[in-house]
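What follows is a group of structures, each given as structure tokens.
There are two complexes below, and they share subunit A, which is joined by subunit B in the first and by subunit C in the second.
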Partner chain A sequence: MECVLGISCNDFVILASDMTNAHSILVNKQDEDKMFKLSDRLLMAVTGESGDTTQFAEYIEKNIQLYKMRNGYELSPPAAANFTRRNLADSLRSRSPYMVNFLLAGYSERTGPELYWMDYLASMIKTPFATHGYGGMFSIAIMDRYYRPDLTEEEAYDILKKCVAEIQKRLIINLPNFQVKVLDKNGIRALNVIKSQNLTA
Partner chain B sequence: MGSARYDRAITVFSPDGHLFQVEYAQEAVKKGSTAVGVRGKNLVILGVEKKSVAKLQEERTVRKICLLDDHVVMAFAGLTADARILINRARIECQSHKLTVEDPVTLEYITRYIAGLKQRYTQSNGRRPFGISCLLAGFDFDGTPHLYQTDPSGTYHEWKANATGRNAKTVREFLEKNYNLEEMEDEEKVIKLAIRALLEVVQSGSKNLELAIMRRGQPMKMLEVDEIEKHVAAVEKEKEEEAEKKKQKK
Partner chain C sequence: MSILSYNGGCVLAMKGKGCVAIASDRRFGVQTSTLAMDFQRIFEMGPHLYVGLPGLATDTLTVHERLRFRLNLYELRESRKIKPQTFSAMVSNLLYERRFGPYFVEPVIAGLDPVTWEPFISAMDLIGCPNVPEDFVVAGTCAEQLFGMCEALWEPNLEPDSLFETISQALMNAFDRDAISGWGGIVHVIEKDKVTTRLLKTRMD
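Up next is the complex of A and B:
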């Protein structure tokens, strides 16, 4: 039902997430923001159980801010990713595990841009491009075909547009809007929402 | 003295109604290096006396002024180790508050939290009170500036300007004489007032001062050594001019 896509290149990481919020057969809204800004250089796009997503994402976000207050500097992307994974793993064998899948994008001077894929079983991989959801199954093949590490922002945005076009053509569930955000050395920026009308043009 | 029997266990009142451990904690505060806070209209400033370091010791730039959250800064006088614990708890509370209600803490809330923590330690068995007095400064999210002081007993009050630690009385008297509400609109005057107040009791001038400035909507700024020197020089000049005027009047 929900879908998030991510591509990491030499200078930036770009994340796209669908904007549909639905409960069973009813669509609540088509403009939901599923991306959480954990810090100036960390962005997380979350899917999964409604409620768990916000709860988990906000908990991680506040803990990352606490680290910044305590130590005077921010957690690096690998450290933040491992911290997040550790929290997910600890909750997995507790009374009520978090049912969330997400992509974590980070940028640091030392490591450059990075993309981490994590699922509800607390498995984590660092990868150049990744997806979650049924829509992701169509998209990963498109990314395989067109990905290069030296893509420009426009080229990466185009690949995402191709992915969204395929999702909207082949996925039985209607996902008309995809929000896109890019993270680079200047921070987090929102790009144009990919809407179904814009694609047919 | 009857106090000899009533000052061991913290939870015991003396016959004349004193909690001696709390009063001794306040004495510990009076031994700590001076901290001063001034609230202006658009900026709040905290200044501390930096103790001079031994020759072989690495000088750490920030020790006594700590950021609790993006908009709250704290200075203290007393036992540094006790302060570390309180600061840690306060930082956690700032984030926890944002997690539960999505809003940053107000100065009053976090002061009340810290004061509540201190009070709990004056009423439980086997624990001694925190030996520090805190000055909390910052802007609420509605833009109003605040300066609060807490003390080891767990009471807190809001102030326009205050000092704590060694010679706090002298500094407070100076502030009472020279605090002028209209002048506090001017940033320069606020900074100068804080520096002048500290210089009343700090011996060797700009090397031993540390100042943190909090402006509405902006992150905390620690003044650089050369900036402090500039202000100290200006303050010294003003003092000389005032002394001259007094001499001429005579």
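Up next is the complex of A and C:
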């Protein structure tokens, strides 16, 4: 039911996630923040089993911070992604695996912006754009059509608006609000929430 | 839903005259949905030793990491490069350790002996049963198609350039008949003095 979208360009990575928190037929809240700031240069948008998402994301977040405290410098995005994958892969064959799918956005001075897609089985790919969820199935094709590595932030936000418009038109589950955050060399910044009222206007 | 066909993908290896070749497709998908066209399934474990790990993508990554760990320790202790036959036994051991909760990969190994330069290929099933033939090995979701293509095209003592053509055609025509393999191909031709890696221009569907 949940949906996260991500686009990585030459200068930034932009992530969007829906804001609906629901249990079966009941919607608990429409303004849930599903993005976790792992560090100044790492952002993770998580979907999956309620509870597992927060537990896993916070565990990774604290470990990333611990590494920084112990060593004086932060993990690079590939190192953080592989560390996260290792934890997820180890939990896969344990008594109670984490059921989380997520997109990990990172920025490093050396390599620039990066986007990693990871599913609950701990398969990982580094990719220019990615999605999770049923909404993602519509969106990935829109991203295929409009993606360019040299997009500006406004253009990338427009592509996300197109994706959200399609999700809200064609997905039977109502996902009215999408939170958008961008990660670039200056850190993490929130952009305007994409709401269904704004799109139909 | 079969676990070994959840992500799709295929690998094959062939012996030639003083050389071996190993090739795979590049698709990464979740059942019918394609997510990446540059997924690495073949890993370099030594200057003349490559292993392909088709199957469940998470186990492709995990087995590669565990294998690299064991291989690094071996090379530190032994102070020499591992022989392909020994490496094959190492992979088989790693998989059989998980006999009753296996890694869902079917490795394909191709290499040259670091001393005698003898070509070597082998494959195994997900619990490490080795197969060491004289001609070719195949694995993946289009294994049957690969068997047919290899049987038709392979002949002994192919020179490196001919081996490249043969393995490429076998791979491409086999994965074109499989919905969850394809989306690009990569071929490594391993000779005594060099390894040539080429990306194949294929149907991207």
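Side notes on the structure shown:
As a convention for this text, the second predicted complex is superposed on the first by the 201 of 201 C-alpha atoms of A that agree within 3 Å, B and C clash if a C-alpha of one lies under 4 Å from a C-alpha of the other, contacts with A are read in each partner's own complex, and residues count from 1 in each chain.
Here is the rule we go by: a contact is a pair of C-beta atoms (placed from the backbone, for glycine too) under 8 Å apart; a residue touches a chain by one contact, two chains touch by 3 or more.
The structure presented is a predicted model; accordingly, all values stated were derived computationally and were not measured.
By the document's definition of touching, of the two partners only subunit C reaches A:R93; subunit B does not. Between subunit B and subunit C, more residues of subunit A are touched by C. In the superposed model, A:D40 lies in contact with neither subunit B nor subunit C.
By the touch criterion defined above, A:L121 reaches subunit C but does not reach subunit B. In the superposed pair of complexes, A:D31 makes contact with neither subunit B nor subunit C.
Against subunit B, in their complex, subunit A makes its touches with residues 58-59, 62-63, 65-66, 69-70. On the subunit A side of its complex with subunit C, the touching residues are 85-86, 89, 92-93, 117, 119, 121-125, 127, 130, 137, 140. On the subunit C side of its complex with subunit A, the touching residues are 7, 28, 30, 33, 35-36, 39, 56-58, 61-62, 65, 101. Against subunit A, the residues of subunit B that register as touching in their complex are 67-69, 88, 91-92, 94-96, 98-99.
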